[in-house]
Every structure is written in structure tokens, then in C-alpha cells.
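Heads up, the next two complexes both have chain A, just with different partners, chain B and then chain C.
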Partner chain A sequence: MGNLEILLQAPIFSVQLLIDGLLVGSIFALAAYGMALLWGVMNIINISQGDYVILGGYVTLTLYNAGIHPLFGVPVAAVVLFFVGWAIYRMVIFRVVDRDLFISILATFGISILLQQLMDQIFGADIQSAESGLGTLFLFDNQVTVGQIKLVAFAVVVVVGVALVLFFKKSRMGQAIRATAQNARAARLMGINTDRVYAMTFAMNAAICGAAGALVVMTWVIQPFIGLAYTIRSFMIVVVAGLGNIAGVVAAALGLGAAEQFAAFLLGAEFQIGFVFGLLVVILLLRNMVLKRQRQVLK
Partner chain B sequence: MNGPGKMGLYLGLLVAALVIPQIPVLQPYLIQFAFLWVMILFAMTWDIMGGQMGYNSFGNIVFFGVGMYATAVVQRDLYFTVEEYAEVAGGEQAALTVAEYLTGLGLGMATGAVLAVLIAAVLGSGILGLRGHYFAICTLGLGIAAGELASGWDYIGAGSGLVTPLLPDELGERGPFFYYVFLVLAVITFTVLKRLYAGQFGLAINAIRDDEDKAEALGLHATRYKTVAWCVSGFFLALTGGVFGNLVIFIDPTDVAFAGPTFGVWMVLMAILGGKGTLWGPVIGATVFHVTQEFFWTYLFGWQRVALGLLIVVVVVFFPLGIVGWLRERWPQRFGEVVDEEARRVQVSLEGER
Partner chain C sequence: MLHYVKTIFVSCATAALALAAFGVAQAKVEGDTIVLGAALSFTGKYKTNGKHTKNGYDLAVKKVNEMGGIKVGDKNYQLKVVYYDDESTPARGAQLAERLIKQDGVQYMLGPYSSGLTKAMAPVTEKYKIPMVEGNGASRSLFNKGYKYLFAVLSTSEQYLAEAINLAAEQALAAGKDPAELKLAVAVENDPFSQDIRAGVLDDAQTHSMNVVIDDKLPKELSDMTVTLTKVRALKPDVLVVSGHSKGAATAVRQMMEQKVEVPMFAITHCEAADVIGKFGAGADYTLCATQWAETMTYKDDYFGSASDYAKLFEKEYGYVPPYQAAESTASVLVWVDALQRANSFDTDKLRDALAATDMQTFYGNIKFDETGKNIAKPMVLRQIQGGQYKVVAPTKWASDKLIHPRPKWSER
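What follows is the complex of A and B.
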């Protein structure tokens, strides 16, 4: 906890941590939004969520190694992951949509392991990242540094977010997805092809994650086995925000990003992942305590 | 199967299990057979939650690691100071007498089991108040968090691991000794679970699996039963872990103790493969998995873990009943179930319409 003193003596450090955290948190918001989408529409909790993020990162990395600027990786990763998601839906997920959560959690757990190990075999277990070549901004007499790529990433997240909201409000497919989320059976009776809607939802979720992954590889690092952390983060954000609450998802994601940065600074960077998992347990315990007040059993 | 036939089967298996170490051809492979018992223990303990109660637990490996570390630490601290041990462990390992070794092992296993039950009770009473999917995700992080913690904690050797004392020469070879220890552990676990499932406890957790809301509405203390089930699972896993640490001698925090990607995944797969929610399913699943793994998987050169993920998806999606579950649906009479042909026809026709 020695770092706490540094933080108290030089408050400018907390501005640095806060900015870093908020910018990183915006990327979490994307993945969490996708998870809320799947959960709300298909009632599937997707454990392989974080692995799509990492896969999107590797798509971008491959482009980068071929000499293409990683920012182009954002649309490319989204498109590639869209088809990956579509294929996974057509092969596995459509068989588990109507079944209970037990089966779908296990099935996505299997997919998660499959993707992790495939990435490990193909890209190697090393930690990698793509250099964007953008400069660094210096603020407050050079005491706070912000990589410009992080600002670009933030802008991309905002654009993608607005596009998604418009898609769900305006387009026919977006309306069909919302109708299916409200009541799948009624939607089917109204002539909506719910199977197509599910496929679209699943593929879109993968695409969103892919875009997020492209941003992760530029601003941070990727490694085949850290996908699980993104799954946990997304889940945590959705649990805190609740389903169908976009503002809540954004707020929770930014908050998580900032909290992680502060925790990593105070406890040491090696405990950041441990902090994420610990926070999950705490949140679930708190949630249980809150809910328990409303529950009654025979004594 | 009727009573005496069943008794004969159990006895036959037990005799076969006891005779295996005496067969000269098999003696070089006794460690492998000991691993088989470990696998069976993994699958059986996972099935308490996953199969009988319908709660996915991806973090049961925590109890395994806790038991292993607790045992090793007790064995270490009982007869040595830390500095002494570090010295000895650097060159050759500490030599213990038979009595010292067994006391350390026994005390360590007991400590580990108590610790595991405490962890399960404290965490479980909190998390298990929630429904299954919250529990599943929560346990997913648990194993990894524990691994990270163990890798950073100097007292238990941090990332460089911990070495357990060597088996004293008087107790014979490692193979037969650990084979018998694990055999005893597996038989005890099986017997205890068999009794538990046959009684009120089994009915209660099956009710939770089938419809938790209804079970609660009927006055069942669901959270209490769920917590106890997790404690039972943790208890036996911790005992397994304690002995396992002594079998492999070197404890690595993430590759042996909290080995989520291998043991943690295997236990899920083995239980489902054999048939979750059945008594014999996990045993059969573990046996099939271990034997095929030994024979074929080594030839996949690193792709076996990819195949593992694929196998989970295939088994969960296409073969969710597992081997025993499938047999049971095929020949229900053999499993002592009375089939009402009329009701069955109605059910089949209803399923056809869907």
C-alpha cells in the first residue's frame, strides 16, 4: 500500500489513473453491451464472450504484421468475427437456445476453451500488441500523459455505440431483435423469423467484441488466455447495470475501468486480474444480500 | 439388476481393483492406475453439484489446490523450520521416518479438508443464494484468482512451487502405496455419495435441480442444502489434493494445484461424458476419458487441448445424457424403473409434435 502515499502527495497521479481507467472502461462497455444483448434476446450467458474479443485482437494483429495500420483492423475484425459468430450459431448455439441455462453455459464454456487453445496453437502464448504509431498527448505541465490511440479508441467506441443504438431503434432487423427479446413466441406469431434474429444477434455480438478486441490490441496487450477476464468484466458490468439499460452499462464499465486502474496502482499490476475476480465475488455477495431482504422462507 | 447380483458386481470390482497391483505386467503402470482413481474422484465430486443438483461449478479445482497446499505446508512445518526445509529441498529431499510421514500426511489432509469445507461454507452461503448462472460465473473466476494468489504468496513458495517430502523407503514403491491410498479414498467417497444420494439429502438436491422455486415453495431450505452439497464436494476434493501433492512431489501453483485448464476442465467433461446425475456415470466417464487419453491423446501433439474444447461442445450439445444416461433411456427396466407404456407413448407423441 506504499503507493497510497504517492497518490496523496501527488494528486495529479489520480487524474492520470482516472483518465486511463475511463478510456479503458469504454472498451469494456462494448463487450458488456454485447453480453447484455445476448442475455436479453437469447437468454444465453456467453462464457466465450472474452475469447471473441481476443480473437478480434489477433485478426488486427495479423493485419498489422502484414503492414496494414491497425486502425483498419477495427472494421475488418468486426466483419471477420461477424462470420465467425454466424458460423458458431449455425453449428452449435441454435441447438441450445431453447434449452436451459445449464446446457448453454456449458456449451459456451466448451467453445471458450476451444477458441483459447486454437489461438494458443496458431498465434503462440506470448503477450503481443500492435503499435499504432500515434503520438502521446501531454497535459497539466507534462504530468499527465495520454496516448492518442486511446482517445481514438474512445471515439471509435462512441461511434460504434451510437450506430448500434440507431440500428436497434430504426432498422427492421433491430426492431425484430427487440421484439424477439420481449416475447419470442409472439414475435414468431407475428411472422418474425426468430431463428434468423438469433443468428443475427449472435453474429452481431461477436462483431462488437471483435471491434473491441481490435481496440484492445492497439491500446493494451492480448494473450490467448486472458479472454476469460473480459467475460468476467462484461458479466459484472451487466449484473450491476441490469439488462436493457445502456446508460447503466456505460456508467458501470467506466467505473470498472477506473477502479481497476486504481487497484493496479495501489496493489501492484500483478494483482489486477485477481482484483477483477475478487470484485466479481464481492458484487455477487452484495447482490445476494440485497435480494435476501426481499426473500422469506419458512423458519 | 437385483440385490445379490449387484452385491456380486461390487465385490468383483473391488477384488479386481485390489488385485491390479499384484499383476506383474501392470506394475510399471501403477502410477497411471493411481491417476485413474484421481480422475474418478474428480468426476464424482463435480457430479454432486453439476449432476445431482444442476449447478455448474467451474471452480471446484480450488478445493483440490487448497487441500494440496495445506497438506504440504503442514508436512513441512510439522518437522522443519522453513529455512531448514529450503536448504534440504535445494539438494536432496528431507528424509522422514514412517511415523512422521504418515502423521504429517494425515494431519495435513485433515487441515486441508477443514479449510476446504470452511471456504465452501463461507463462499457458498453467500453465492449459492443466487441462481445457477451467477454461481457458475462466480466459480469460473475463483480457480484463477486462487492460482494468482498462490503464485504471489511467498509463505507457500509463490511461483516457484513447493516440494513435498519423499515417501520413506519402508513404505515401499510410490506406485503401489499411492494406488492403495487413492483406491481407499475413491471407495469411501463412492460409498458416502451412494448413501447420501439414496437418502433425504439426495432427494433434496435432486428437487433443487428439477425446480428450485417449487422446492423452496414446499419449504425446502435450498441455500442450506446447496451449501452442504458444495462442502461435501470440497471435503473429498481436498483429501484427494492432499495425497496428490505427495504423489507428484512437486507442487506448481498453476500447473498442478490450481490447474483449471486441465484438471478443472476434465472433471466437468468426465462427469458429463459418463452421465451427469447418475451414480456410476462419473466413474465410467472418468475411466473412458483417462484410458482414451493415455492411448490416443498423446499423439495429437499439443492439439489435444483444442480437441478437449471440441469434445465438451459435442458432448454437451449432442450427448447431454452421457453414457449411463443414454443406457438408462434405452433400457429403463434394467435400471429398476417401471415404465408405463401408455404414458410413454403419450410423451413420445408430444415430443414429436414439438
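What follows is the complex of A and C.
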């Protein structure tokens, strides 16, 4: 527990861990939004989620290599991935929307493999990253460092989150998506073109992942085969937060981000992922207990 | 009518089988060509290094053939390599090893890329008693299984960064300090290869009785080591050692730079593969990089001349500076050439014994195998990035430049 002592003697490092955790969590929050959206509206667990993130990273990298500042990658990757998502829906996903959950998992798993191999063919297997050139903030007598790109990422997450909430509340399409999520059959009877709604939802998810990927390539590194880490993280955040609740997804993402930084510091980096999964189990058990109590009241 | 068709079919099948059997018997040496076999990663995550490996093999084959081939008995033979794509997956690699030996009748194997693939293929070559010379599987777990037919020209993984510890101790002594006072931080990815590197580092740290203050195992899934670097800032070690393939190298250099982490000595692996100079420019300066080989070394052989001659030839042929993965692949072929000539035979057992008795110098370094099949004659090299260039600084015998120690502070750069 020597590491705990460091935190007690120099509490400033806790601030560092907390800030890092929240900012890291915010990037995962983006990919998790999208996953919650797909899951809630279409009842699809998208295994290829992380691969859209990485693809967004490569779109940004292409811009960067062409001499364009990678921050422009955020909107550009979102737009490009929107169309990629639309195309994938039209080719594959519309066939599995109303089917068994297992079928959609298989289908998106296949898409995931295909995307990975295509990215490998087109962009190569090497580790790549884009430099935003934004520099680092030094706080508290240089004890705490914050990469400014992470702050930008946080801002992007907030903006996208607010935009999504407004979109769902105000726009016709947003309302149609919510209606479809509640009851697809009823929505269809009310004249909503649910096929279009699904296509839109899938494309939006891909766009959100694309924006997240642009942030990932500026913050860390990308490689065609590391998408799965983002899929798993999103899945976990959604499981913790539940569906149809953007604020919950953000809170869960930030909380998990911070928790895993502390766990890694105190227990050692090798327990970082293990800790998060352990936490997932505990949360699921707790939630199950709470639900059980509520069911008893209903009886 | 049907009867005739059947007869024709059966005789065709018999003929094909006979031909196949004949083919197998003859495939190891076809006419005046000696056939080597290799499964390499042409697709998947090792694609880049798979290509380096192939280029290394091909260049050696080309050069040897140009210089008249190999004399066995009283006849000159040309070399040829049969390749398959192992898709960067161990299971496929093992299948292909089986296929190369059983179907294609290959009797002389070259290694795949990476320890993982080598680990999958070695049991197969061992089963059929087919010698394999490899230059890209460094994990020490390959050499404690009692394999008799596996020979590796490269330094094994536990040596990768051990040299950095000795260098730190040397520096401490030169500054009038006791190496036992040095604080060491180790952050190594949680996979078998990187953990071998860690074991080597910790062994050497123990001989100098250094104090290991951080010993983190970085998760494979994440490309973020902020937490470890925060610990480094808190505990101020004298030496920081990081290894985690290309991803680890890129992440470490980038985050050291972004977070302006100060540490007197910073040593990593896979600098070249991650292209840390190209990606991070001056931010990569003063980093120590472990490498198997450098083109500035003074080793020589009859085929390629010096290391720098090899580098020039390779660049002319393929348009890029050879990474060590290519150099050690070329050296693997040279070991086969040497063994075939000394054994003066195509018998795999005689060849195995000839390989085991190898004692030669190549442009890549000296090669002499111990009884486990690993090369014990070539040390690892440490290069420091100085002004955007790799400069050999250790071991002292081969060093071309002086180590800059401690690393200048970020504010003074």
C-alpha cells in the first residue's frame, strides 16, 4: 500500500488522477452514447462499435497527413462515418433489426472483422497518431499536467451530448426515433417510416463514433485491431448506465474513467481493466438486488 | 460407359498420387534448387514486420544466388523460398508449418515473424525433426523447452533492456555514486515477450542491488500510461524502462513529452518500429532504444560486406532503410548457407549438427548457438536518439557516440 501513502502525503496527485480519469472517461462516453442509442432504438448490440471509432481516427489521420489540422477531423470524420454507417445499414443491418439479438451480434461481429481487415489493407498495421500541437496545461506548480487536447475532447463530448438531447426533444426525426424506440409497431401505424428511422439511428451512431475516433487519434494512438477495447468499454458503460439516458451514460463513463485511474495507481496498472470488470459485476449485483426489492412491492 | 469413366478416374487419381509422392520426395531439392520454407505474416497485425522479414529473406537468397549459389557435393545449387501467409495468427502458423513439411516436402525451414508465431510452429518442426533457423522469435520461453531443431540468430528478449541497467550503473559509478542507490521504474506490457524483457531488467537490477520503486504491468488493451507516469513524477526514479511493442513505444514517448516527465534515463524498445523520431521529432530526443542491430556496427561477411554495405544494398533494392527485423532475417538465410556448405549434405540430421556447430560472423553480428539454440555471441545494442538521429552508445565496445546523461530537463531543451 505504498502507493496509497503517496496519495496521502501528496494529495495533489489525486487531483491529477481525477482530472485524467474524467477526461479519459469523456472520450469513452461518446462511443457509449452511440451504443446506448443503437441498443435502445434497434435492440442491437453493436460489436463493431470500436471499429467505427478507429475508422474515424483514420479519417482524421488522412486529413492530418494531407496537412490539415486534425481538429477538423472531428466534424469530417463524423460526416464520413455517417455515410459509412448509412451504407452498412442498407447492406447488412436492415436484415437483422427485427431478428434475434444473437443474429445481430454475429452480423456486427462480421462487420467488425471486415472493417479491421479493410483498415489494415488501406492504412497499414502500424501504430499511428496525429499531433494536435495544442500543448499541455501545467497547474499547481507543475504538479498537475493536463493535455489540452483532452480538454477539447471534453468540450466536444459536452457539445455533442447537448446537441443530441436537443435533437431528440425538438426535431421531428428525433421524436420519430424516440417513438420507434418505445414501440416500433405503433410508430409504424402512426405513419413513421421506421426503416428510415433505423437507418438514421445507425448512421448517427457511426458519426458519433467517428468524432470520438478523431479525438482518440489526437490523444492516444490507433491501430486497425484495437477497436475491441472501445467496444467493450462502451458496452460496460451502457450496462452500468442503462438505456435511453444520456446523462446516465456520461456520469457512468466519467465515474468509471476516474475509478480506473485510481485503481491503476493504487493496485498497479495490471489491475486497471480487471478492476473495472470487477466493478461491473458489483454494480450488476447491486442493481439486481434493488430491482428485486421493487418487484416484491408490486406483488 | 460408366465403367470406363470410373477406370479413367481411378488411373488419373493413382497417377496424381504417385506424382504427389514423387513430388514430396524431391521437393526439398528440386533439380539444382534448394527449397526453404517459411510462413510469414503478409496480412493481419504483423503485416509490416512480415514484409521486412520477407525482404530480408529475399535479399539474402538473391545475393547468394548471384554469387553462384551453394556448393554441396560437387554441384552448385540455387536457393528458393516457399512462402505462405500465416495471417498473423499462431494457429494458422502451425497449420502452415505442417503443410510446408508434409505436403510441400520442405526440409529446411525459416522462422516466421514474432515469438508467438515461432512458438506455434516450433513444436511442429520439432515433431518432424526439421531444422528451423529463425531471426524473429526472441521470447526466452522458446529456449527452455529442450527444442533440438530450433536455432535463433537474434538476442533473446531478456537481454533487450538489461544493457540499460548496466549503463545506468556505469554512469552512477562514474559520478561517484553507488549503483545500489539508484531507483528503478519498470513499466512493461502484460504479454509474455515484454514480461521476458522485464525479467531480464529485474535480474540485472538485482545484481546491482538497485531499488525497484515502480513495477507496473501495462494492460494490452489500453494505449494510455498516464497513471504510471504520475507515479514516476511522484517517486522520481533514476531510470525508467518501458516496453510494450510499437504501441508502448509511441505511447511512452508521446506522454513523456506531453506531460514533461523528468527522469535522468529513459530506455524503451521498438523505437524504429514505432518511428518515434518521425512522429515526435525533438520530443523523442535522448531516449535510449534497444536494438538487435545497427547499420553503423563493424561486423562483416563475405556476402554482404559490412553492416553499412548491407544497409545500402537493402535500401537500393526496397527503397527504405533496413530495420533490424530485415537484417536478422537475412542473417538466418546466411546461417543455412553456411550449414549446408559445412555439412556438405542434404540430410536433415547432419544439417542439424552442422547448425549446432555454427560459429561465424555475419554483417548482422557473430553467431554461435548454445545447446538451447539461441545465439550467445551477439550482444544487444543501445542507441540514444540525439538530434533526431540514432547513435550507438552501448555496449561500449561497439559504441560510436557518447551517452548524454542525465537527460536534459524539458525546460532546458
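One rule holds for everything that comes next: the second predicted complex is superposed on the first by the 252 of 299 C-alpha atoms of A that agree within 3 Å, B and C clash if a C-alpha of one lies under 4 Å from a C-alpha of the other, contacts with A are read in each partner's own complex, and residues count from 1 in each chain.
Throughout what follows, a contact is a pair of C-beta atoms (placed from the backbone, for glycine too) under 8 Å apart; a residue touches a chain by one contact, two chains touch by 3 or more.
These numbers were taken from a predicted model, which means no experiment stands behind them.
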For this session: With the two complexes superposed on chain A, say which partner A:133 touches: chain B (first), chain C (second), both, or neither.
Result: neither
For this session: Scan A:106 for contacts with chain B and chain C and give back first, second, both or neither.
Result: first
Exercise. For A:17, is the partner it touches chain B (first), chain C (second), both, or none of the two (neither)?
Worked result: second
For this session: May I ask you to decide whether A:117 touches chain B, chain C, both, or neither, giving the answer as first, second, both or neither?
Result: both
For this session: Check whether A:273 is in contact with chain B, with chain C, with both or with neither, and answer first, second, both or neither.
Result: both
For this session: Would you sort A:220 into first (chain B), second (chain C), both or neither based on which partner it touches?
Result: second
For this session: Examine A:242 and indicate which partner it touches, taking first as chain B and second as chain C; both and neither are also allowed.
Result: neither
Seminar exercise, completed: Dual-contact residues of chain A (chain B, chain C) 117, 120-121, 225, 228, 232, 270, 273
Problem set entry | Partner chain A, residues of chain B touching it in the complex | 54, 56, 58, 123, 126-127, 129-130, 132-134, 136-138, 140-142, 144-145, 148-149, 152, 216, 219, 221, 261, 265, 268, 272, 302-303, 305-306, 308-313, 316-318, 320
Problem set entry | Complex interface listing, chain A residues touching chain C | 3, 6, 10, 13, 16-17, 20, 24, 117, 120-121, 124-127, 129, 131, 136, 138, 142-143, 145, 147, 220-226, 228-229, 232, 261, 264-265, 268-270, 272-273
For this session: Flag every residue of chain A that touches chain B in the complex, lowest number first.
Result: 45, 47, 92, 95-96, 101-103, 105-107, 109-118, 120-121, 225, 228, 231-232, 235, 239, 270-271, 273-274, 276-278, 280-281, 284-285, 287-289, 291-292, 297-298
Exercise. Along chain C, where are the residues that touch chain A in the complex?
Worked result: 43-48, 187, 190, 215-219, 221-228, 230-231, 233-235, 246-247, 250-251, 254, 258-260, 273-275, 279-280
